[in-house]
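These are the structures in question, set out in turn.
One chain, subunit A, links the two complexes that follow: it is found with subunit B in the first and with subunit C in the second.
And then the complex of A and B:
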């Protein structure tokens, strides 16, 4: 002990192209941006594939081959897998190679990387089932551990995940939910019987995901043996060290020239130098360790920003109106029974759309500015709302009644 | 410091900018002797003001001849109509050179460390003063001849005066990166010699009485889209009208208000008729003060389709009232604002689609009303003054 548990999030949204008011009623293709801008989904996917997915997968496969004790896990959004199938089959194949080793677990989430838990529990359950089906079809495995979009979590999320058949769930190990407790144990969510809760060790995770290349950081440059020594410090007061991060950390957020791939390549041998350490997948952790205590999380927590709450996607007037507009269409969409309308509606639920509408730009909001492919949150909102309006008109035309 | 106009007798942003800068500098402990070409009321703001011609006081139509935004061609047209007895000399260039002659005596009697001059009208005066005292010369650029002519044909004489001013200056100050690019690319000035000092803004006066025509429009449930600025090529009022046509086709309840006057007045009225939008358009004339504030506050959207806008103070005014704004990317103010929409001035469809979105989705107005005033409040003249002071200190220490 402790076991290092790696989970990487792999997701790309279908970004809404610059969709003008004058497109409404004429143009039903919301996601086919073709310019040289940051709303061309194919172009972005190909870029990230070259910088991150392909080299990172090569690195990971090499690590798995050299270290029989090495483990990792991924959560793939369905919209990522769909884009991989269309834009870069080689990327999908390289992920399948990893999963085929039997030492890489695939987690469950909503197909559309959506906020549907907040909008419609029925829709949430359907999207979770869709993602499970997609994973089964592409990888031949069934997700047993759940992670909600952006690690949005509360007792209720855990309770519903348990009802949907999951045996584990992931969450942010935020200070305000843990208090004096440590993230380095397995917990039992309030109101559940079987499901285990794994919490992100955000200090060690963020050392890699955010601080790795920061020259202003006292620990820069971070070597694998230094990092392993921090893992060793958990020895005796924790069963697991959960390192949760976006997969784009490798090569995209931290560029290759920062040495991030070399760091990863050397991490297993440095961690395994200590005889008590090993690596584990989330399911292995849950099989090995019984929950040490119940953890009560009545309010939503997430892994975003310093607030670790929902304010990156909810709360400003743009986000709230957009959210209401898309979920208002649930009933007419379901009633239409039209697969194309259903698909467009679901792709409009992806959390990123709401993230791009975030206006808290002047403190930690700089992160939003960096990741925002639109010129402003107002542009993001406008293209989005125009697309939703077009979808509404299509439903009205089809249903023949006012929606 | 050499200026050409000063509030309340200003025709636009140049006077407002000079006032803001002088107040900021004075508050920061810099003593400013402000020079104006002729006697005028300066509202008691200036501690030390000198008039190059202390005897002439200009009023009415003759004052219009001193409008710093006139292109030379427009000046010649106007001066034909003017009262010839009120002034000597018929060319604006003559006035500028005469101002320079007077500057010599002022420089000899007024102790100073730096000479700072605002726009081409004052560069010959500033250069003369600097030559007399041997003190460094700062050429501040609020607009170039390319801006004034809407990227049309610049007057060769004015261009030559500007270029000579920039070349002789120890430091050039541009009000935006947009203007700096123009100075570097079109006047051949090394980029390292041009500093950018964005204008600040004062909180606009509290809203006063709403003009009756706006009250009437609101009673009818009209959506009001506002243009504020001089009616000249530079400000793109014709693009505003073409945008209006696109918007009105979708939203018959939209009403467009043009606040300002200028040499395109007649042309725009013809254009409105030609576009068939005259019923959806009001020419409100030049509004100022608390009345203008009231109009901002009543507006549903504001558009600034400037063709070439070195800064664009009215955009910050609109933001300070939380009005959803669509601002030309060909402007300096778009470099310091994020809580607004931006469009290329020629992209009438883009501007129209953004105005239509503002009218359709109330969350935009709600969100911008929360965020934009905070952003406008961050643009202080103190910050502009601090940067100018740093430039002075560097020049003095050389």
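And then the complex of A and C:
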């Protein structure tokens, strides 16, 4: 019997405003873009709250109330939660309502939605602890299953997550790591003893997240009963169907007029029509099913782009320079003991900054352009590097030594 | 096929239904739990599905036949097959060979009993 495992990523970065060379040295507010541009974080948050978070949470709460068997899970970046607290407390409260049902699991991740696993394992562990603490404080629960930023995963990520106390980890069910295997089982990461690996069924996930409104798609329009029939096909050939996606799929990537909310609203009853189907949270899946086999993933995979690798964030010299520049400041930032400097440094680690510098303009070009608030990757790079340089100067001033 | 293979071994290679997690999971498509099922499915999958599993970088079919079915001879041959027709023919021939081997077994037993 396949259990449908819904996992939604909820994140909004603190975008760096247009920060020119002339800002360096006197303007230390990197994230306070104002006006009508796409770098105004408050404006963006309020827009997405109205289009996605609030209506999607209402839909989900309705689904939970009508279907006792329905389950879902979320991970919230700490920077999302901060913005929710400041810009839209009603959004935070509506997520709390979902978690209070006891049938919505909150997962662990890095507080700053960062690439810190690639830059500094110490910083990674600190950010995971920070996010766990924030979740505990806001939702009263302790994350037991981990998902790394952008589902970046390898054996090493799983091994470290196990050492940090997690019992499960999420990853992309990328073709090149699966080969002939199915993503619809629980696996054991190589080099671990206790942690279970849940893989995204990317075909079914992307049918909702990317193809749902595409009229060029042969399966358009996608109805809940049609989708449930695809889930039913897994019966006998898998224990779980993991549907992992950005929460902004609902209302923001797929607008309300595409019917996405109605699709979701009807999904539980259609899935549950088959007596062998149900829904499960990641922790429930791991409690029910022992791993069927070890899965060896020596190289990084992610859920981004057709390559499912790191090239969305670490694929060109601009990104590599920016990445090196920010992690070069780790030691002086830590030594400074200055909470404000530390906070700015961490906000500059958010993966989105590097994504905006991506210069891939082939198959994934449309996706990158859609998500990029800057006019070009070079503009993103310039603003970012100027902000990092200002931070470096502040550290130098603070510490009195050359950084 | 090597003549030393026992009927039991031939039967195992041919028909053993592996647990679901050991099935060959065709991308966007059906699953095959045994060599027999693979011989029925492989000719029918779309070309892009075949190419998804067999390309310059990998050959999932050969890996599955080697690691799950345990038929090293067929796996070696399939590793060299670059087209869907060639791969399907190899599996079909192997299945026919194993079935022949199995069908001959009762006759062999009867002849031995007579003697």
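Operating definition for what follows: the second predicted complex is superposed on the first by the 402 of 403 C-alpha atoms of A that agree within 3 Å, B and C clash if a C-alpha of one lies under 4 Å from a C-alpha of the other, contacts with A are read in each partner's own complex, and residues count from 1 in each chain.
Note that contacts are C-beta pairs under 8 Å (C-beta built on N, C-alpha and C of every residue); 3 or more make two chains touch, one makes a residue touch a chain.
Everything numeric in this text was worked out from a predicted model, so none of it was measured.
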{"item": "Touched partner set for A:22, first subunit B, second subunit C, both or neither", "value": "first"}
{"item": "Contact breadth on subunit A, by residue count: subunit C or subunit B", "value": "B"}
{"item": "Partner chain in contact with A:175 - subunit B first, subunit C second, else both or neither", "value": "second"}
{"item": "First, second, both or neither for A:316, with subunit B first and subunit C second", "value": "first"}
{"item": "Which of subunit B and subunit C A:156 touches, first, second, both or neither", "value": "neither"}
{"item": "Subunit B versus subunit C as contact partner of A:359, first or second or both or neither", "value": "first"}
{"item": "Partner chain(s) touched by A:382 [first = subunit B, second = subunit C, both, neither]", "value": "first"}
{"item": "Partner chain in contact with A:236 - subunit B first, subunit C second, else both or neither", "value": "second"}
{"item": "Common interface positions of subunit A, toward subunit B and toward subunit C", "value": "none"}
{"item": "Contacting residues of subunit B [partner subunit A, same complex]", "value": "250, 338-342, 349-350, 352-354, 356-357, 360-364, 366-368, 370-371"}
{"item": "Residues of subunit C touching subunit A in the complex", "value": "19-21, 23-25, 27-28, 31, 52-53, 57-58, 60-61, 63-64, 68"}
{"item": "Contact set on subunit A toward subunit B in their complex", "value": "20-22, 316-318, 320-322, 359, 361, 375-379, 381-382, 385-386, 389"}
{"item": "Of all residues in subunit A, those that touch subunit C in their complex", "value": "175-176, 178-182, 185, 203, 236-238, 292-293"}
